[in-house]
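Right after this note come the structures.
Two complexes are shown next, each including subunit A; its partner changes from subunit B in the first to subunit C in the second.
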Partner chain A sequence: MILYDYVLSASCYKIRLMAAVLGKPLSLRAVNFHPAREHKSAEMLALNPKGTLPVLQDDDLVLTDSADMLRYLTADRREWRSPQDDQWLAFASGLNDSLGLARLHDILGYEADIDAARASGVTALRELEAHLTDQRFDGVGFLTGATPTIADIACFPNTALAPDGGVVLDAYPSLRLWMRAIRSLPGFIEMPGIHRLHELAHPA
Partner chain B sequence: MNWIAVGLKQDLPLGVVIPSRIEDTELAIWRSASGEVRAWSDRCPHRGMRLSHGFVRGNALSCIYHGWQYSENGSCAYIPAHPKLTPPDTICVPTYDCAETDGVIWAALQKPLGAPPAVSSRRPVRSMPVARSARAIAAYFNAPQSTFLEIGSDFDVALALQPCTAAHCVVHALAARGADRKAVSRWLEALRSDLEESAP
Partner chain C sequence: MTAATDNHWYPVAMVSGIDAPRETWLLGKKITLGRDNGACWVRDAAGNPLTVTERFGHLWTSPGQPNRALFTIPEADTPGRRLVDVGSVRVKCSPLRAVENFLDIAHFPFVHTDILGAEPHTEVDRYDVRIAEDVDEVWATKVKFFQPQAAKSASGGITTEYMYRVPAPTCAVLYKTCPPRPGEWDIITLFVQPLTEEWCEVWPWMALYDDASTMAEMVSFQQLIFMQDRSILENQIPRKLPLDPGMEVPTQADMTSVAYRRWLKKIGYTYGAQLVAA
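Presenting the complex of A and B:
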């Protein structure tokens, strides 16, 4: 399986992280998204006419939507799926359009109404925090239950990277504990801006 | 200023450090492996890195930058680059009074007068950022200057206010034991909307 990848992209990281925690190897092809705009090159447009990243290629199959990729990677791993995943994949897409856009504005100079992007990002974070707090009241730590699914993997990157877009996460305790649980998963990998746990997951 | 709530016990597991603040004072709140909670200045005396980015090992807090390790009283106990050196007493992190009562973590920037506020029979529900100053929220409830508001409501809610900036604070909410915490959560979110919409 080949992932056409850009290291700073939250959506590409979703796929790298998913594959890593599943223990599935990916061949990474680095695409110079910024500043060279290689994702719009003739070669990449032939693969993906939409000109977006990530692109996942498995023999003849080419996927260009990160939600489809998460579903594809977990097709044989039902423990990573829940009936509630679809609503959270849609929510994750909204995170990309708010927090993700604010981050691209701040780190790569994207055009954006930055105040509006941050404000809708905060609204989304509040919704996520409220839901995860309810989950904790029910004694579970992930979006759809006691174990993580593609819903968590989809929502994690843009949430954890929110500070890159000028949105602080300090006052969201349930988000912090949820992100910590994800960073504690066996096989977890980092990306720039999201580091592994330095503290011990289970201090003596 | 007296005892200020800076977090809830349920949100700070063993061996974890989190960032917090009281107005302009940035704090690293951390819980040692043996369960003690402490409130320190959030700067490593070495290079100024935020200690809340660091990590807890046993009963010490380590800076993420160069691994300088601070023992429970804030003094530097170990410098990895100079393993044979006993660090001088002058290398220490400013520490603040910190207490944990009734599931609430309290800190005081000046020597506190007495015990933290009595929460009576309530228990903590959740902490929530609000885009209003603590002062404005206290005024909204006709309790100017207060940082512990007993609101009442069906859930017998109390709010411990953590002043952050002129535009933000964190509200630590408690409610009657036995109250449905999800229902309290929805009530708090509606209150937050009212508070934020009442901004001038």
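Presenting the complex of A and C:
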């Protein structure tokens, strides 16, 4: 399986992380999204006319939507699926349009109504915090239950990267516990802005 | 703002990235830049042209009268090197903090884990630092550090040798062991555009010997490294770089940083700096 990848993209990381925790190897092809805008090159447009990243290619199959990629990667791993996943995949797309946009604005200078992007990001974070607090009251730590599903993997990157876009996460204790649980998953991989748990967190 | 700040060269764009005219910031003031008939130009807010030069893939300007020509990197011109335009990343930190972080080795195992450093190899051996009076630059030499993956072209852990050079207040040049060509130095630079005293645009640029990696892979590697630093930089306190000894206690590993701060004070460069003890 080939992933056309950009190292700083939250959506690309979503797929790298999913594959890593499933133990499925991905062959990464670096695309120079910034500064060369290679995702809009003729070669990449031939693969994905929308000109977006990530792109996942498995033989003749080409997927260009990250939610579809998560479903595809877990097609044979039903423990990573829940009936509530779809609503959270839609929610994750909203996180990308708010917190993700604020991040691109702050890091790469993208045009954006930055105040509006941050404000709708904060609204989404509060919703996430309220839901995860309810889950804790029910004794479970993930979005749809006691174990993680594609819902958690989809919502994690833009949430954890919110500070890159000027949105702090200090005020969300349930969210922070949830992020820590995801960072503790076997096979977890990091990306710039999302650190692995330090060994001191688990002294021998 | 003083002449000590104005009369330096600053990077403001990647030459290959200039298409339509655009606005940006330099030292707290708006400037406009663009290209007409192949020649790049920069104007201040009043529309007056500023002096420009194109070098190392970037467009440089100065709001004042530069007291000397832009520094050179003769090694970068040797044939066979690949010149890498890494692009830019904006960081809410003092431009001087961005340079100082680039000069620091001790954070590698903790921030660039398993790439530029790894526990338990955390010790920074003694190295040489001097302010080269003849060229008025800061130099650190004989820096050695164990690195799991020193470059995109490295295929395993090696002890890397570094030389650091600060040829201008907001620019640093790193000469580093070149994994595929022992005996040559890879060149990695950090050119920092001070947007304001606490906000900067960072333009890394590289001149590497690497015949195996794609350009996208080399760019990704450097962006990954720099973005690992960004969140640390945005959380450093005090926001401005203290030039006077205060609450911080430097260690042996911080000799380059100490020399950089002393040199800034010596040349009177205080933009993004704090002069009262923290």
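To be clear about the criterion, the second predicted complex is superposed on the first by the 198 of 204 C-alpha atoms of A that agree within 3 Å, B and C clash if a C-alpha of one lies under 4 Å from a C-alpha of the other, contacts with A are read in each partner's own complex, and residues count from 1 in each chain.
Methods note: contacts are C-beta pairs under 8 Å (C-beta built on N, C-alpha and C of every residue); 3 or more make two chains touch, one makes a residue touch a chain.
If you're wondering where the values come from, they're calculated on a predicted model, not measured in any experiment.
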| item | value |
| --- | --- |
| Touched partner set for A:176, first subunit B, second subunit C, both or neither | first |
| Contacts of A:108 with subunit B and subunit C, given as first, second, both or neither | second |
| A:46 touches, of subunit B and subunit C: first, second, both or neither? | neither |
| Touching partner for A:7 - first (subunit B), second (subunit C), both, neither | second |
| Subunit B versus subunit C as contact partner of A:75, first or second or both or neither | neither |
| Touching partner for A:30 - first (subunit B), second (subunit C), both, neither | second |
| Touching partner for A:133 - first (subunit B), second (subunit C), both, neither | first |
| Doubly contacted subunit A residues - partners subunit C and subunit B | 198-199 |
| Residues of subunit C defined as touching subunit A within the complex | 14, 16-17, 85-90, 92, 110, 113, 119, 201, 214-217, 219-221, 223-228, 230-231, 234 |
| Touching residues (chain side subunit A, partner subunit B) in the complex | 126, 129-130, 133-134, 136-137, 170-174, 176-177, 180, 197-200, 203-204 |
| Contact footprint of subunit A on subunit B as seen in their complex | 7-8, 10-11, 13-21, 33, 54-58, 64, 126-129, 164, 170, 181-182, 185, 189 |
| Contact set on subunit A toward subunit C in their complex | 6-8, 29-32, 34-36, 38, 106-109, 163-164, 166, 191-193, 196, 198-199 |
